[in-house]
Amino acid sequence: MPIVSLSEMTNGQEGDLFVLMTVKEELTTRDGKPYFKVAFRDHAREVNFPIWHDSPWGADCRDSWQPGTFYKVRGVFRDTNYGPQLELRKIREVCGADEADGFSPAMCLAQSRFDAREMFDELVAIAREKIEEQALRQLVVDLLEHNKNELLTLPAATRNHHAFVGGWLEHVLSVTRTSVFLANKYDQDYPEMRPRLNKSLVIAGAILHDIGKLREIKPQPQGAQYTASGNLIGHILQGRDIVREAATADGLPGDLLLRLEHIIVSHQRLPEWGSPKPPMTPEALIVHYADDLDAKYQMMVCILREDTNPGPVTSKKNVLYQKVYRGEE
Amino acid sequence: MPIVSLSEMTNGQEGDLFVLMTVKEELTTRDGKPYFKVAFRDHAREVNFPIWHDSPWGADCRDSWQPGTFYKVRGVFRDTNYGPQLELRKIREVCGADEADGFSPAMCLAQSRFDAREMFDELVAIAREKIEEQALRQLVVDLLEHNKNELLTLPAATRNHHAFVGGWLEHVLSVTRTSVFLANKYDQDYPEMRPRLNKSLVIAGAILHDIGKLREIKPQPQGAQYTASGNLIGHILQGRDIVREAATADGLPGDLLLRLEHIIVSHQRLPEWGSPKPPMTPEALIVHYADDLDAKYQMMVCILREDTNPGPVTSKKNVLYQKVYRGEE
Amino acid sequence: MPIVSLSEMTNGQEGDLFVLMTVKEELTTRDGKPYFKVAFRDHAREVNFPIWHDSPWGADCRDSWQPGTFYKVRGVFRDTNYGPQLELRKIREVCGADEADGFSPAMCLAQSRFDAREMFDELVAIAREKIEEQALRQLVVDLLEHNKNELLTLPAATRNHHAFVGGWLEHVLSVTRTSVFLANKYDQDYPEMRPRLNKSLVIAGAILHDIGKLREIKPQPQGAQYTASGNLIGHILQGRDIVREAATADGLPGDLLLRLEHIIVSHQRLPEWGSPKPPMTPEALIVHYADDLDAKYQMMVCILREDTNPGPVTSKKNVLYQKVYRGEE
Amino acid sequence: MPIVSLSEMTNGQEGDLFVLMTVKEELTTRDGKPYFKVAFRDHAREVNFPIWHDSPWGADCRDSWQPGTFYKVRGVFRDTNYGPQLELRKIREVCGADEADGFSPAMCLAQSRFDAREMFDELVAIAREKIEEQALRQLVVDLLEHNKNELLTLPAATRNHHAFVGGWLEHVLSVTRTSVFLANKYDQDYPEMRPRLNKSLVIAGAILHDIGKLREIKPQPQGAQYTASGNLIGHILQGRDIVREAATADGLPGDLLLRLEHIIVSHQRLPEWGSPKPPMTPEALIVHYADDLDAKYQMMVCILREDTNPGPVTSKKNVLYQKVYRGEE
Amino acid sequence: MPIVSLSEMTNGQEGDLFVLMTVKEELTTRDGKPYFKVAFRDHAREVNFPIWHDSPWGADCRDSWQPGTFYKVRGVFRDTNYGPQLELRKIREVCGADEADGFSPAMCLAQSRFDAREMFDELVAIAREKIEEQALRQLVVDLLEHNKNELLTLPAATRNHHAFVGGWLEHVLSVTRTSVFLANKYDQDYPEMRPRLNKSLVIAGAILHDIGKLREIKPQPQGAQYTASGNLIGHILQGRDIVREAATADGLPGDLLLRLEHIIVSHQRLPEWGSPKPPMTPEALIVHYADDLDAKYQMMVCILREDTNPGPVTSKKNVLYQKVYRGEE
Amino acid sequence: MPIVSLSEMTNGQEGDLFVLMTVKEELTTRDGKPYFKVAFRDHAREVNFPIWHDSPWGADCRDSWQPGTFYKVRGVFRDTNYGPQLELRKIREVCGADEADGFSPAMCLAQSRFDAREMFDELVAIAREKIEEQALRQLVVDLLEHNKNELLTLPAATRNHHAFVGGWLEHVLSVTRTSVFLANKYDQDYPEMRPRLNKSLVIAGAILHDIGKLREIKPQPQGAQYTASGNLIGHILQGRDIVREAATADGLPGDLLLRLEHIIVSHQRLPEWGSPKPPMTPEALIVHYADDLDAKYQMMVCILREDTNPGPVTSKKNVLYQKVYRGEE
């Protein structure tokens, strides 16, 4: 049986495939018939279907299948009126030998369209080239390098925007590119502003504004979760912690460190969005706008892709709580 | 007596100078002594001082001086504890012959740091080069050209931001440059978005988002005023009017016109800021952010320049209703 | 078999009837059994029931039935525990010959309790008799006459209030009657107000305040939808467009036109309700209150009629988001 | 010396006049010179001017003049740059004999343009004729008659709207007339509503909605003040008290009393405007709108009369916190 | 068959038990199968399960079972995947003779963990000992004694907090104890405050702040309901009524009564929470905080007990609309 | 000449006194006469008066007097119509020898009514006795001891509440006492809550909730100022920093530290009041209420003491933005 990819299967096709289990919920029909709702996914398609208690897979499902586990499955793909489904023929946990057949966990996870290492390298390169203050540059580069492993896969959020493997890098790189442009532009437009715009600080702030996600979010195969400290404290305060802890070592001048902390603390602008202080420096203002636009733009892209409402506008049941205009065909 | 510039005079210097009268208010001291508070300005400095009813200028001031009129004045400049003042020796209205001595109205008005014609030309050039749809390009170029005279001097607002001669051009050009960058960036980042980002539309929207100021604001030498329709209808709706009236002639396809109107209508995003609809297209989202950042940035620049609060932060009595951080010396 | 009316059938009665299909949704029971939820209505009753995929009508339903289409049906009416239902015996699309049997589309649509033509005539009569300024009267009468066909059936909204055939006329006539009373009353009470209340303007504003619905709403047999421009621009701005386009022809003096536009623009009073400007003239104030009360009153009438909550108050799940008091019985 | 009326004096005219002292504040000029700011008024004009400590009237002013007291004054009226003033020649408290010369307190108080007794009689007549339920009619008539003396002069508020002698009657009569119209109209429009609109209740509610002002406001010659219970409890709750206390005697059926109380409790609609509950009956809805429009309309009339801002719109510093459009001359 | 308690039964156990029916709703499965959803409870456990129309109990259930009725049941307890259920073997209404077997209604109702009579006695004791003003003490004691029967079982709310038999007493006693502490503390801390803190008033206010629940809530076996006046007027205003009616008899001095009324009126502090006035006296401030903390604390206790969300935080779908931190195991 | 205390001087009395200069502002009268507004204070009275440029003290005042400096003054106290004033006879800076005459800076500063050292000792004693977890107790005691010097004088705020020397201690001690009571009470009331209330944590949180004021506020003789980091970051985040830095040394278990940080972060409850997270633990809930009541109570005490509005209620121009009821005399 050939190894196939779930997201490329067509109606009626049978094959062996590697998938991640993402959901197992015990439910009952209204008239009392018990079943498990289960879901499996690869990087681009998710199928969900019932496993009846009294069906052949009922006992196995109850006793041993676990969300967050990778499985090798033989199944027939069905494109039904109730969405895409899978008729199971065989199922077992992935084992070491499967790597020889091409298995890797990444093949089952939603991830950035861009290569994580390339994004990481570009971010480091921007930091090295564009941050002129030595101590600040060192701080940023160190923080990226020391957390490289986690940053390569970290999502930007548990849902809302960039909620996929590599989402943090994709979002942060995009915000940083915009910030480089805006810092140059506004410095050129207002050379007489005092104190003069600190372009290095804008870039450092853009790269580090979401660094607290490292402590707020616990990525897991079946979807990211908030940590205890993420719930009780939040990424804005924890991002400032990470910078302060590192800054001690890097010898950043006090006022510069304070301005950098302020960019992180104020980057969501309003108290009800999590920022205890509004942007009070031009540098913080730029990072806030670059960040906010990038998040909202990605949300709009997702809504346009996923909304199934007929007609020229989408439903307003989405992360923006508003309609998006798709246009007349 | 040499012709001097008010904004370059030093304490005790006497000279002949051309100024604009901006204020004449009849007041009385607490103990009942009547006087006129008057103010005169050139492009960069404003002086204000009392004319006592019973002083030599009292009768002239009451009977003939008018705010909004240009005067040739001989006076001694005094930098007093109560701010800069002028001891009047002579005063008469400017006449035609004064142009020979270098008078022009513009020398008495606050104005953009940039050359209005160059800004205008750059805006037209962007429209010609970057807007690919023929009808849309024509619409934008026509609107700029037909309103060229007013646009060369129009402020962007009566106060708040870019409230000076040429302010509309300075603000709109800046927003347009940012929008060009963002349109290219996000189109490259999400080439698969459907409908695809219409970069021409972003640029047209950026150039025209504030076109309604032509009908909302009546520029006057002593400061811009709202028109009756500006008060009752507002620039957002009137900007859409201008575009719709012109579009009839230019034969813009319906859906494209609708999307362009929407950018104008939604560019302030929130109902309480004047937008009846939030940005519902990616194009509108970009123009909103480019516009909002530019306005807020210019406000922050002004606050940093003008605030006189001692210490590391400014007062919060300013157009942003918040403190701005200046830093420790 | 006699032709009967759906809304007059009793339990167990069989008959031939003309109905409009309003819903066809493909669903599945929790345990995976597929069916279509369908609904049919006449002017005063709607029935909905399942068509199982494997039932005799399953294939026809899937392949050819369409919401928005009129059908001649033979069926048995059942008043079941799950609401009123219909057992289908025969079903075919309505054809030309059915008019001979009394079919007309209107018999299947919810509509105003009042005769549309009479309401239209009364509205025109009020305009002719009570609007004293010639140009203003002409503008209003022309706009009514030119849009007569659409206005005879237009609903006032897609839901919320007066969401039925003729709803626009019913609501606008009611608002206009109230406005006639209030204009007379307040003009009499404050004859010394300057500028004096323009009663003609109040009446013109009342008649035209919702004229933009013509472009915002697309009436369809199965329920009104928002147009693209309705979504992106909204009826408040489009109503002003309609008036401005017509005013050019009718030669209305500028200040009068501006005041009329302002009534339309401000008639919902608050930005978050869609009005970019609050009522800034006494005329606009009157129209706002007459309109707001009429909409809220009709909502309350509907809630009292339709709510099924036991006890002296209704549920708060309704268009007013509050309880309504019905009283102890 | 002829007896004249302050509000009819012309510049330079001397005369004897009866006035009410409304203000006496001890102030000092910036450079330390002490004086009293005093004000006197008749029903339509107020003058204010300084009494210097060291002037002839200084000692009398400090020792014996009291705001809220009526004076007979001989003075010269001056229309100065600092507003209308009075040069005092003689001043003494009004005494009994002055009535022979035409003095009455009412001639010095701002008051309704309408005759208080006529308004009162009309209100009672409406109650007698239009309230059909016997007990309800009796309750309303009794409450009016028993409080007749206070109601003849009560203002509707300390400021904001109808803040003058007879203001309560003027406002309540106007609201009642509108409510009579609306009750008839909506009962006719929705005869099938259940429970049917209780027109008697609408009228009773309109007449009594502000009855709590009797306990909230303490009218005083120099301007109404809030009572202690007005501050701590407010007129909405106290109005309900008055009705409940009277209802015990009048034997109103429980549900009718409850609905009447609810009209009073909900007549300002929003919690932040003082209503703990929103209108939950059609009767309460009508009274709320009739009341709100009347208050706002009177505010707009006052703003148009009193605002001195040049140009087509008023300032926004007024009780409505918004601009009002006056129009181009 | 032994008499057992529903809340102590274990899986598979059969027994005779006394229960209260709390729910009977007629529903249908998605595929049209009709059933009744029924629920029964004792003081600490509720079971709910379907009664199919065509099952042996179908007819009895439809025809005679009523929520709010007590039943003697023989059944087998099942701890199923769909929650705790009961297999019915026998069922009949409770009759007089059952008291001999230990039946009392209270055994089927959720109730306070504390003895109602002891709480009542403690409350009266506090009033007697700590309220020094004679008339005030008498008023409070009288109100408690005259309403003793209702207060012994009254819940504090229909849901949200302390929504069980005896909940009013539990909440009020707790608020009163805190208020005694705070009154002593703040009087000691600010002995120089004028007027001095009236400790008796604090305690009287604490005891009576929710007395209006007597008229707002109608306790019923199957759960408390709002009365008509509770819906239209609310407990805050009705609590003040109760005090005012009693105060007439008790001869409370006017200012003291007013301050007491104010505590009741302001105890929820914000208009949107139901208080027309904010706390304007130190006494009202203390009662507000003691009350608010007690309600919120009890909500948090319930959320921690009932939330079933896995992980260190609860869901945010609860009466506080926020997550509560439970901690890592 | 005897040494006297400014706050005890009577009209016309002459004496030598030690005072702190708090204000020196250069102003001008409306008619252009320049002067300095100066103010001097001891611990309980402040006088302010003009020093005219051309008066004997004019030059000294301009050249050498500085706010924040202590002076020995000989003067005559005058209780004038313009408030209390001082006629200066002699003035010089305080010098070392003045201590022999009883001078200490504290005699010129507003300060707590309680002894700072006693409050400090009580706070430490509570920590030692009531915090059972060893590491937590050590952390709290260490933080208090290491910052003892600053804490002995720190105010609780720059204005609003407890804005005087020792204010931090007075406020924190009061909050802690209340928290001890509430922790005991609620632990006793809900012994079955899981996780059980951690009383030690409540007390630690109460003591440390405002510890960040150490970094937010810079106390200065003439009044406390915000530091740069106070402006850009705020005391809530900086308080958490202080605890985290100390906790590393004290080896506090992670979950306990996290809960303690959360109390600090959430103690102002709402985002717009500065708390990025609401109280999510019972411990945080208690500290929030104890803190909020104490601040509001002290504000009300100050308003009652300082408001000069005549009548039974204060003005609403105060830190609570509302009226406070004082009562009828």
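As written, the chain order gives the labels A, B, C, D, E and F, with residue 1 at the start of each chain.
In the analysis below, a residue touches a chain if its C-beta (ideal position, glycine included) is under 8 Å from a C-beta of that chain, and two chains touch if they have at least 3 such contacts.
Here the structure is a predicted model, which means the values were calculated and not measured.
> Among the other chains, which touch chain D and chain E together?
Per touch definition, common to chain D and chain E: C, F.
> Could you work out which chain's C-alpha centre is the most distant one from the centre of chain E?
Most remote chain from chain E, centroid-wise, comes out as B.
> Could you let me know which interface, A-F or A-E, is made of more C-beta pairs in contact?
A-F
> Could you grab the centroid distance between chain B and chain D? Build each centroid from C-alpha atoms only and quote it in angstrom.
Roughly 45 Å separates the two chain centres.
> Using CA atom averages as chain centres, what separation in Å is found between chain A and chain B?
42
> Can you compute the centre-to-centre distance for chain B and chain E, using the mean CA position of each chain? Integer Å is fine.
62
> Residues of chain E touching 2+ other chains?
29-30, 228, 231-232, 255, 259, 262, 280, 313, 323, 325, 327-328
> What pairs of chains are touching here?
A-B, A-C, A-E, A-F, B-C, B-D, B-F, C-D, C-E, D-E, D-F, E-F
> Name, in rising order, each residue of chain C that touches chain D in their complex.
Touch list, chain C to chain D: 174, 177-178, 181-182, 185-186, 189-190, 193-195, 255, 259, 262, 278, 280-282, 285-286, 289, 292-293, 296-297, 300-301, 304-305, 313, 322-328.
> How about chain D: which of its residues touch chain E in the complex?
Residue positions touching the partner: 228-229, 231-234, 236-237, 240-241, 244, 255, 258-259, 261-262, 265, 270-272, 274-277, 280.
> Taking the touch rule as given, give the residues of chain F at its contact with chain B in the complex, in rising order.
Chain F reaches chain B through residues 26, 28-32, 34, 225-226, 228, 231-232.
> Which residues of chain C touch chain E in their complex?
27, 29-30, 33, 35, 50, 52, 81-82, 311-313, 323, 325, 327-328
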